[in-house]
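Heads up, the next two complexes both have chain A, just with different partners, chain B and then chain C.
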Partner chain A sequence: MDAYLAAIAIIALIYVLLSLGLTLQYGLTGLINFGHVGFFAIGAYTSALLALKGVPLILTFPAAAVLAGLSAWPIGLVSLRLRDDYFAIVTLGFSEVVRIVITSEKWLTNGVQGVPGIPRLFEGLQGFAAQAATLAVILAVTIVAVWMILRIAKSPFGRLIEAIRDNEEAVKALGKDPASFKIQVLIVGAAIAGVAGAFYAHYITYIVPDQFIPLVTFYVWMAVIMGGVGRVSGAVVGAAILMVFLEGSRFLRDIVPWISEVDMASVRIGVVGLLLILFVMFRPQGLMGDYTKR
Partner chain B sequence: MTLEIRNVTKAFGGFQALDGVRLSVPLDSLFGLIGPNGAGKSTLFSVISGFLSADQGEITLGGRRIDGLSAPARARAGMVRTFQVPREFSHLTVRENLMAAAPAQTGEGLFGLFFRPGTVRREEAAIAARVEETIALLKLTRVADQPSGKLSGGQKKLLELGRALMVEPRLILLDEPFAGVNPVLIGEIMERIAELNGRGIGFLVIEHDLEALTRLVSRMAVMDRGRVLAEGEPAAVLDEPQVREAYLGGLS
Partner chain C sequence: MTTTRRQFVGGLGAAAGLVAAPGILRAQTQGVYRIGALCPVTGSGSPFGSGMQKMIGAAADIVNAAGGAAGRKLEVVYEDTQTNPQAAVLAAKKLIDVNKVQILMGTWSSGVSLAVIPLTNDANIILMNTSGAPALSTPPANAKGLSYRYQATNDRFGRAFAEICVKEGFKRPATMAFNNASGIGNTEGFRKAWEAKGGKVVESVVYEPNQPTYRSELQKVLAANPDVIVTGSYLADTTIFMREWYQTGQAVKWIMPGWAASPDLVKAVGPDVVEGVISVDSVSNENAPSYKAYDEAYKKATGQPGQANVYAAMTWDMVHVLALAMEAANSADTQAINAKIREIANPPGQQVFSFAEGKDALKKGKINFEGASSVLDFDQYGDVTPDFGVFFIEGGKLNRRYVVKI
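Moving on, here comes the complex of A and B:
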């Protein structure tokens, strides 16, 4: 495997982690989280800044998960009693607040100039070995996350969050409080996104606020929708499809050479958008099928 | 032991939906609640079960004040409601709907789920056994593994009753259990309700099918314009002049 493929695989697995969190939140519980990138950003900055202060990575990754998870808690408390659509707006607003805070708090985050020189995983290893080791670690973490989400989905907890997705009022009538379940789901999904952020920061080694725009959230939504809402396998497959088209559209330039380098960036986003439209038209349940087809 | 409703009022803007309702429902009784459309019956159900808050008044269940509690807390206190339009968990099977309704499950906590798998397994087995009994009782065996969204209206009504039973309440509030149900199934639902009442579970039933209701309940109350007009044995209640005038005028 060459370095380019390893690089794509690492980024793809980061999207898989993000998609797993959203699958738990939206696919299983029905929470419309439009602010996923906010938790991703908190994880990335937490781990990066701590690592630059000399904290070992073995501690910065859990710290990223904990801080991203904790940041979801107040949002949950404030907004989970709101209707679905208001909740969506609150989360979108939250992720923009996170981006604006990291843009303006220069003393902490170095503002728009970003945080350079973030230590890599496996600094001791050279070249491809380091990359392969990184890939192995993120793959292992992703497998653990898949196992966790599957375990949750098949448990009494999973049954209840699906009940909440189907009819929240009926859950209340049976003596269970949907809000507490939704907060837990929000925290777990955010913590996974935080870990994804930490991997991203230590892989890219240079983070700036512009990497954490709402478009990232919607890429994750695309992955979940294309893979199949409410299917854990859908999160994995959807993220893979997304990556194939995000990266594959790079080679469009070989076919359509008259498009400039600058225009190409927009064309690639257009290609992914077109793909989503085609999926929704011809396979609305996603590639792996959604929760309506069990 | 009773469910006591004292001077409960509820207004929506200028509309007085409940206007000083007083009602006393013994917890082991079969109690009917009738009244013309807009009389406030469903609003009263929502206020009793905590889905709406009362503007004024007091509600006690077995002597305990419950009007300050949330809807889930009231259900846990022993009083479960069903809905006029069934609210099944449509993508879950009948069996899963009933499993989800069982109270106090260790596996519904993330900690218990990952760190006490043995307890979770034992509880699931016990819940599954109770679910089988409930399925047999309500004659839902044939559809037990179907997604509940695909059931008929009558079967959904039975499923809601089953889910309420899984909570092991003292009192079940049934909102129009016979609406949209075919006559054969109405007979069956009535039999089940009577049977369950024999085991000590109370029922407060809103129903428009007066003929079915009077056969089922031992006491009933009549509401009109947010007030309780009369209360007592069905025959006596239906004979009261003000009830006939307000509600049955055209019919008798």
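Moving on, here comes the complex of A and C:
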């Protein structure tokens, strides 16, 4: 049971990292980023491919963050003039471009065959110890990320990006240039997603383009919305709720033994969907409350 | 809308309690061997997954009815991979850590098998899969030799295609592949085998999934003037490009994997379009009594003939091989079972076709279990080499002309 809980915790923390990036971009700044999985994929492939070339993991993780962050920069430039829905389309397109490039550039990424045998964190440790150590590291990184975003939110920079979210015209009227702030926010959020990607690659140990589909982006959106938009605590809680729904539903079997094993798989996914719908119906502002609407 | 935050958190706590409770109730019981059935019940493997799962259960029932294996009853715990590596990893973790299963079987897509195999290696348990990717045969994936593959590798499909080209006297083959591991695996396997025979592939095209039309890809292939086109394709895309090819009127033969050139394809495009198409599939061991038993069980469970799902025949065999190996080892220990799997499945030995038969024969000497999916002889990598049936589509019917052995 311990190892299973640890596995859930690790995956949940990866989603927390992704949600934190999105909270910064959407919750605080109002950028509708539908391409989060693209940065996640760039981080995963960067770290995995470098590690397979023999680069120590202590260097591949920062590389993942840097490359994912840098990849956000051109999108920022291109889409500066786009607001809201248009920006959403550009980012969605970006994540698909990333996936197709990964699929096509076989010399680098092994294409659709995927990259197997990615080294794990703490290869030296055996069994549960390795997992516990991994959990400790990702927890530490998540805490640092939470702290960082809380600091950003409370700083003058944070007030400014929230002003962009609430009224971009007013910010311009005050003589500030929203564009450069938006780019910075995009880069930071993407870098965090890159780190999440690196953890994912070294935890699952096998990556293939099929894993980086838009569904991942929308899982993150669900987490952010259920937690409470614009709340840093919401990103954490939302990812936790999502994991409880997804994994907890595996134990439905023990509660409703009269459903056949084969039907159970579909019932389970139906139940997850129902829970998500009920959640947003009865708690539309998210568990921690929607900060943007105050 | 009046739920307070306190009420909600309380509800969440209660839900978490419900989730946690069953794990405590499960303790290891003596005399039971737990199988983790990890099949693609939802996602892109869903046409096969539920049948695969049902056949694991049915085969376990048969073993238990015959008194169990090595004095133990088989108990099956089911999880769904969702045909998604991340979901599969969590499901596998749950099976291993919470349900304490002693073997995992039934993973279908290569992506899922490759993601799950590090976990089974860590836990020192066996993984039986039906995936095609060559990477599963060798380290790091199969570093411990605990992986058994019941499906032909994509490479072997390619080799079968090349044999057919030789037999049919084709000289200028071209290939068309769906851009995924399986599609490209088929055509690349073909190219390797064909070039080893001194041939040359005149054109190869890889196409992206989910296109409304494949005209430009077709034009590229047909421009090279091939006498046969070998595909690594699926049903949906094949339906589109076959229709478009028919409109061009250019004469060419086709060789396709069985999951693309199926009766459904004939139904979708009409018998005229697919007349003469060669459909290749690993043949289940159809004349063996083991296949008959499987076919009956499959009909009973799903109402369809056993031919409809080759993977279900494979999962049926997984349970049989496991149970016979346990019986031979007289142990539920993974290493002991692993040491016996090739011994009971490969020649030499008395041919047996069912668990009860094998259990009896083991008392007298060596056995060679012949499965429903193939004769099941595992090589040093844990791979099997099934025979390939070559079907010609004639008048809308798939007629098997001959069988290719590689």
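Everything below uses one rule, namely that the second predicted complex is superposed on the first by the 268 of 294 C-alpha atoms of A that agree within 3 Å, B and C clash if a C-alpha of one lies under 4 Å from a C-alpha of the other, contacts with A are read in each partner's own complex, and residues count from 1 in each chain.
The working rule: a contact is a pair of C-beta atoms (placed from the backbone, for glycine too) under 8 Å apart; a residue touches a chain by one contact, two chains touch by 3 or more.
Since the structure is predicted, the reported quantities are computational estimates derived from the model, not experimental observations.
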{"item": "Chain B versus chain C as contact partner of A:I8, first or second or both or neither", "value": "second"}
{"item": "Contacts of A:D166 with chain B and chain C, given as first, second, both or neither", "value": "first"}
{"item": "Touched partner set for A:G114, first chain B, second chain C, both or neither", "value": "second"}
{"item": "Touching partner for A:D210 - first (chain B), second (chain C), both, neither", "value": "second"}
{"item": "Touching partner for A:V97 - first (chain B), second (chain C), both, neither", "value": "neither"}
{"item": "First, second, both or neither for A:V188, with chain B first and chain C second", "value": "first"}
{"item": "First (chain B), second (chain C), both or neither touched by A:G175", "value": "first"}
{"item": "Partner with the higher number of touched chain A residues, chain C or chain B", "value": "C"}
{"item": "Contacts of A:I152 with chain B and chain C, given as first, second, both or neither", "value": "first"}
{"item": "Of all residues in chain A, those that touch chain C in their complex", "value": "1-4, 7-8, 11, 100, 103, 111-114, 116-117, 120, 127, 204-206, 208, 210-211, 241, 244, 246-248, 250-251, 253-255, 261-262, 264-266, 268-269, 282-283, 287"}
{"item": "For the chain B and chain A complex, residues of the former touching the latter", "value": "49, 51, 70-73, 75-76, 80-83, 87-92, 96-97, 99-101, 103, 105-110, 113-114, 120, 123-124, 147, 163-164, 166-167"}
{"item": "Chain C residues touching chain A - in the complex, by the definition given at the top", "value": "1, 3, 5, 8, 12, 15-16, 18-19, 21-23, 25, 41-42, 49-50, 53-54, 57, 78-80, 82, 84-87, 89-91, 93-94, 96-98, 111, 114-115, 118, 122, 133, 135, 140-141, 179-181, 183-185, 208"}
{"item": "Residue ranges of chain A in contact with chain B within the complex", "value": "151-152, 155-157, 159-160, 162-163, 165-167, 169-177, 181, 184, 188, 291-292, 294"}
